[in-house]
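Take a look at these structures.
The two complexes that follow have chain A in common; it is paired with chain B in the first and with chain C in the second.
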Partner chain A sequence: MNRLLRLLNSQRITTNLIIGLAILTIVVLVSLLGPLFVDMDLAKVGEVPPSKPPSAEYLLGTDSQGRDMLAVLISAIPQTLKMGLIAGIVGVSIGLLLGLLSGFFGGPLDTVIRVFADSLMTVPGIAILLVIASNIESMTVEVMGLTVAALAWMYPTRTIRSQVLSIRERPYMAVARANGESELEVLFREVMPNLVPYVAASLVASINGAILATVGLESLGLGAQNVHTLGTTIYWARRYSAVLRGQWWWWAPPIIVVSLIFIGLFLVSMGLDRFANPALSGQGSALARRRKRDARKDAALSDAAGVTGAVAGSQAEPALLRVENLRVVFETNAGSGLAVDNVSFTMQPGERMGLVGESGCGKTTMATAIMSLVRPPGRIAGGRVMLGETDLLTLSDEKLRKMRLKEIALVPQAAMNSLNPVMRIGEQLADAIRVHEDTLSQKELDTLIAESLVNVGLLAEVANRYPHQLSGGMKQRVTIAIATVLGPQLIIADEPTSALDVVVQQRVMLTLGRVQKELGAAMVLIGHDMGLIAQFSDTIGVLYAGKMVERGDIDTVLNEPCHPYTRLLIDSLPKLESESEFIGIPGLPPALFNRPDGCSFHPRCPFAFARCQTEIPEPQLFRGRQVACHLYPEQGQLPPIPVSSVVVAGDGALPTGIVEAKS
Partner chain B sequence: MSITYVLQRIAQLILIVFIAITINFILPRMIPGDPVESALTTKIAISGNVSVDVQKVAAAYREKFGLDKPLWQQYLNYLNDVFHFEFGVSLVKFPETVMSQIQSALPWTIGLMLVSTITAFFVGSILGALFVWPSTPKLFHVLVSPFMLLSTIPFFLLGIILLSIFATELRIFPPGGGFSPTLIRGLNMETALDILHHSILPALSIILGGMGAWALGMRAMMITVLGEDYVAFAEAKGLHPRRVFLWYGMRNALLPQVTQLALSLGSVLGGTVLVEAIFSYPGIGTLLFAAIATKDYFVIQGIVLILIFALAGALFIIDMVYPLLDPRIRYSS
Partner chain C sequence: MTELLKVSNASKIFHDGPIWRRETTVAVDNISFSIADDRPTITGVVGESGSGKTTLALLLLGYASPSKGEVVYRGQNLAAMSKQERFEFRRVVQPIFQDPFAAFNPFYRVDHVLQIPIERFGLASSEEEAEQLIHDALQLVGLRPAETLGRFPHQLSGGQRQRIMVARALLCRPQLIIADEPVSMVDASLRATILASLQTLNRDLGISIVYITHDLTTAHQVCDNIIVMYGGQVVEAGAVGKVIRDPHHPYTQLLVSSIPLMDRSKRWENQESPEPTEQKGRVSVGCKFAPRCSHAEERCWIAPPPLYQTDATRAVACVLYDDNPVLAQHDVSGVFR
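On to the complex of A and B.
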């Protein structure tokens, strides 16, 4: 019962599924309850006027034999459904058995099953079905269902086999085996439950296919002719030229009922897809577009209201980037929350700014917001992003697009997957260049591509390779080459090395740093590796729960952090020089949709006092940096962290400040 | 493309065709009743000649066609015939060979079915992709959604509906056949237009009935692909949305669709056979249907074999072309 409730709440039960099931239920109910209301005696030939259009007496009219079409229809539905169910259940049972044997145990058995199934799929099933159906004298719906199942079991087998193969590769399988589960236990506890949505989808598809094939055959006059099915009803209508004589009441109702069954099955299978592929939910609409327009509106509104943030740093030097009161909202059915919460900061030309914080603190969201690339369900809800004199958030799509790469470039987080797998590296560089510089000749373009690749330490030939032919480090270099090829003013590097091993990390970072310096571009370096950030940044910004809690010069902040969160982040770094304990920050960052009142950090803060629980701290200038904490200016500096409030790795708990579940 | 891969794939093709051919030999022989006798009975019943000894003639026929030999010998003869594309003669239209019947029907089927199936594939895929593209106008969803629902109605039933609307009520299109009976066929404009006129309704029912499935598959794939990092990075590069859509989105989402096309060719073929029968279109489907109605055993077997060859060939071609579409597919064993 609880599970059912949870399922109903999980948004995976969609309107599609409900409407689909409702349609099918109605069809079944009509066939079951119909005989209670309609005279089902079809043999009253002569008493009923033939070929009459629908009237009050005969709701669906009569056929040329003088049979009440409504009664014909009601007696036909259960036969067709029965056939579909038999074919579907038998076919999927065979498919489940063979698919499991084939996928789970593999080996020669797999080969035999696969080759046999593949060969049978090459035989046109419907043609064979035609032959069989026309040769069996006393065809019944049961025999028809079994025949269809015998000709169609390969399809569910194939689906289930490939799903078993993919489930077998998942990490929890290895864990289950390592935990000493036997193969059979693994099969029943790990594999089978995960197969349920696919088996259900296969069943719907098989029933669909079986009804499709048999109604097709029967409407041609083959198959179970002595039984009233929807297909044979269509056949008799065609046989007596109802279509050409315009006797629509004869042929249309069975077609409508068949169509309803198909629409019902179709909607159910769409609904089931959500279970098999959760990516299908919440996406796939014009939402993105609409939300973006909303963002523009919101941004304009907040400007009109004259909201200006407390912007740290002197205004003497013209800033390259000025972010003011930037807000990014995530809205889902589960709730809404600010992933970036009134963040303001400035960057000077050539500045390298490190952006740190635990996972889920809004680092990547902020990076995408600066480029106006926030995807639904997120949207920019206000603020300004000034690059020089231009507010990026008020630009038209077209102008914004032209700014990307040329003025602001992104070095993406997931280099492994950031290159189009079906395009050569050279083409991916070329299309980026060409869209911004359309006057280049092919030769100049080729030279530029070769230069940019060499510049990041790759061979020029890499241009002719496909992404899958490159290592992770090489792919990351390619993304750096793309990001820097047009000499942008600002580079946003979103954890550019998180997927690489330590040695490669260092080399790629050195390359990125060198290229950035040569261009004189500013760079936002996002990461959770404090060591790397310390090494490669001039300034640092610390994000917590969507807020910039501390921002200043890298040495100032690292040597003498003011915000307790910054202090704990630094302390959680393992130290090489001393054998101190490995410590972390207790607890986790708050969930996006459930932020605490007051300072978001107060539940984890060793110094929290009454004011922290009610009042949100504003950023203030203190000891050469910007910090948002109620400790100041009353306190002269951050007091030492009491030992009792940190987690020591030795006592079993994970130091959450370091160990992150990276997706 | 390495030669070993091609050779392996050819060996696999031969094996699969061989098994399929064998199934085609076994299946009809498992059916109760004697095909020759029943064919003769039908023929005699039509001609009204009752003085013929069916048993005797049937025995003569069986001897002639080798059906009196032991099974293994029949099988070897059958393989030999298949190898030489010898499918025997029609039992009903006696002197005519199965091959000549197939040859006259095949161009109609290829012309109609190939064109409309490929059209359905591409139109459906593009519509499905546009469905999830964020900058698709809302009007598109309103206009296209009913078509998607229409597609759940099977092709042949759609054919009946189209027939009643456009041939019976409106009389815009002919109710069936591949060309007008009064037409003197030649290589001229008139013939071409007449054939086109006759092919529109069957083509439309295949396209309308088929495109929905492709649109759905594409829609699901496109949702996955649009969530990929390379699409996000392409946007960050400032590429034109059209280029992101076509070359980063569709280009990648189409790959599983092609595999799906290969897998579903069999059912596509089956469905189109039914459409031909509904429209009495003079192709393979109608021929098969007529052969089944008259129990013309060798014609049925010949057509099924041709369908097997066509299907296996198409699968082979798709397998050969696929690595060109997806560079990640390696050619090693």
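On to the complex of A and C.
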């Protein structure tokens, strides 16, 4: 019950689903309640005067055989629905059984089922149905439904099988086995529940397909003879030339009802898709409207912020990159929050800036915002990103596209996903270059590609290879080649080596560092490994909950971290020199939509005091760096961190048991 | 010394590709070591991807069986176990997996993975007892039951989820936990909490742990002994402090020099490039590291070097140390402390 309520409150119930269910409910209600209000005997031949248009007496008119169309329609709907349900339920049941067996147990059974299903799918089902239907003497809706099921079970089988195959490989299967579950239990307790949305969607699609196919056949006169169905009604209308005689009330209503059923089922199946895949939610139109409204509000706000930003900027020396009061908002139905919260900083040409923080602190969002690549549900809500004299946030998409790669380039996190698997490396480089340099001859292009590959420590032949033929380290080198081939002024490297082994990581980083130096480009290096940042940065920026809490020269900050968060990040890295203590940061970064008042870090901070809970600390200059913390300037130096509050507490835990265990 | 789990000359060979172009991969190549039964230890297995460490984990868990050699649990070959014995083994040797997100069935609340083992292994005689067991296990890994139970996996952080997985393993009353990269997908600031709970299990509850990782610093932090693997072979093994602070094998040296240190005076860029060039296209049937090794001699390419015991708590599979005695039976637990 609780579960149901929770579901209703979530965004998984969509307008599609509601409208679809409403349409179907109306159709079903008409067919169920109709007989209470309409005399069903009027559906028989000769009961009423023939060929009357709709009137108060005969709401849908009468046909040329003397039947009341409303009574005909009401008796036809349940028959058609019954046929669809039989076809859908039987077909999907077969599909579920075979798909489960095939996907879960695999082996020869899988091969047999797959070959059988696949070969049946090559047979034109409608044609077979036509042959069968025209050869059965007394066709009933039941036989029709079963025949359709026999010709359509392969589709749900395939859907279910592929889902089972993917679920079977998930690690929670191994966990279930470690928990002592037998194979059958794994099948029923772990696999089956995850199939529910797919089975439901399959069912809806099957019913829909069955109704459409049979209505088609029935309107050719090949349907059940003993009862009215929507299809046979259309057949009789055609047979008695209702169209020629202009008796639209005869043929139009059944077609409209069929359409309604189709649309209803279609909307339900779309709604179920959303249900099975919650990632699709969050693009509602109401949200879009709210976003537009907020955009106007934010524009006004950022104009105001721009004034203070300009003042701050004017004191700085000529910088390569000047980020001023940058704000990025994320909005979903669950709420909205600032992923990047009024961040300002500058970078000099050639500077390497390390950007650190835990996951969810806004590092990657900041990188995408600098490149003006923020995607919904994120949106840049204010501020400026000045590259030289240009504000990147005001440029048109076309101009931005020209800037990227040539002025600002990104080395992405997962090289394996950022290269196109079906294009040779050389072509991918060529594509990137051509956007900006379309006057190069093929020979010049080839030379440039070869040079750029050699420059990142690869052989020129790599141009002829496909991504899957390269190792992870080589792929990451390719992305560095792409990012640097046009000599950008600013390189943004978003955890460029997080997927690589340590040895490869070192070499790739050395290459990236060398290429960046040779270009004289500035580089933002995003990472959560303080060691790597220490190795490769000149300056450091520490992000927490979307705010830049400390920013300064790397040696200054590492030798004497002022913000407690920076200090804890540094301390949580295990040291090799000694058998060190486990030091973690208690608690978690706050959720985007639920930031605490005052300093966002105060709930986790060992030094927090009353002021921290209410007042947001402003960045201030202190001992050669910028720090946003109420401890300064009064506090001369960060005191030693009280052990009890830090060691291994984490996630709101009870530290005692574990701290005792340490000693 | 009695052995809880003993791996004897185990190899795992995978065949891949069509019959006419069958490719053979030796994922684990003649490895022998054992986990002591009389004292709880934490044994680290480190190596880069492709070194065979995950395959080794599967062998230890009985999820895969060795192509050569054997895995023996308390004197009993895993391959020859009855269904009942295997069920007991399943309980005693518990896994913890890398990905704390995918380890949960999204359909269920997190309670599911904690209730099942109690139910299946019959660990509690009543509902209350089961509940108490779950509460105790959660508290032991530093989680508050009230803030954890009844939630869906996506409502918890990666660190919390991984600690639930530790609690799950703990509930089975295991004697050995095989943890395959348990912290590699968790933020650095939260790793400490998970590693600390593993250490609690080891020190307070006497559970032995095999900690598989590519991260030498955390291995150094939690392990007693360590096995360094390369290309499915053991290249160096012994007491953790010794191996990591003073690595002997050229590969271990390379690994250690690749750790990004916070110490700005030891910046890679200021040092001579440690980059050893990939030599030739030659395939080594001997030491797998030969193509990347600057010390490689002709004999390295021909036959794999034996493990030389350089002192009481270290063995190195490298000809540079061939003036030392060969380690008895190739069994690296001979140099464990």
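Here, the second predicted complex is superposed on the first by the 605 of 663 C-alpha atoms of A that agree within 3 Å, B and C clash if a C-alpha of one lies under 4 Å from a C-alpha of the other, contacts with A are read in each partner's own complex, and residues count from 1 in each chain.
One rule holds in what follows: contacts are C-beta pairs under 8 Å (C-beta built on N, C-alpha and C of every residue); 3 or more make two chains touch, one makes a residue touch a chain.
Keep in mind the model is a prediction, meaning the values are calculated, not measured.
Chain B and chain C, once both complexes are superposed via chain A, fit side by side. Once the two complexes are laid over each other on the shared chain, residue contacts for A:L410 go to chain B alone; chain C is not touched. In the superposed model, A:G531 lies in contact with chain C only, and not with chain B.
In the superposed model, the vertex angle chain B-chain A-chain C (Cα centres) comes to 110 degrees (nearest 10). Of the two partner chains placed by superposition, only chain B is touched by A:V131; chain C is not. Applying the stated contact rule after C-alpha superposition, one finds that A:K402 touches chain B and leaves chain C untouched. Of the two partner chains, chain C is the only one touched by A:R177; chain B is not. By the document's definition of touching, of the two partners only chain C reaches A:G584; chain B does not. Between chain B and chain C, it is B that contacts the larger number of residues in chain A. Once both structures are fitted on chain A, no C-alpha atom of chain B lies closer than 6 Å to one of chain C.
For the contact definition in use here, the chain B contact set and the chain C contact set of chain A share no residue. Listed in rising order, the residues of chain B touching chain A in the complex are 15-17, 19-20, 23-24, 27-28, 31-33, 131-132, 134-138, 141, 149, 152-154, 156-157, 160-161, 163-164, 167-169, 175, 216, 219-220, 223-224, 226-230, 232-241, 243, 247-248, 251-252, 255, 263, 266-267, 269-271, 273-274, 277-278, 288-289, 292-293, 295, 300, 303-304, 307-308, 311-312, 315, 325-328.
Interface of chain C with chain A (complex): residues 48-49, 61, 63, 87, 90-91, 94-95, 97-99, 102-108, 113, 116-117, 120-121, 139-140, 142-144, 147, 157-160, 163, 165, 168-169, 172, 187-193, 195-197, 199-200, 203-204, 214-218, 220-221, 241, 244-245, 254-255, 257-264, 267-269, 273-275. The touching residues of chain A, counted against chain C in their complex, run 170-172, 174-181, 189-190, 193-194, 358-359, 472, 501-507, 509-510, 513, 528-532, 534-536, 554-555, 558, 568-570, 572-576, 579-580, 582-585, 588, 647-655, 657-658, 661-662. Per the touch definition, chain A reaches chain B in the complex via residues 115-116, 118-128, 130-132, 134-137, 158, 209, 212-213, 215-217, 219-222, 234, 238, 243-246, 248, 251-252, 255, 258-259, 262-263, 265-266, 270, 273, 277, 279-280, 283-289, 371, 373, 375, 401-406, 409-410, 412-414, 417-423, 431-432, 435-436, 466, 468, 479, 482.
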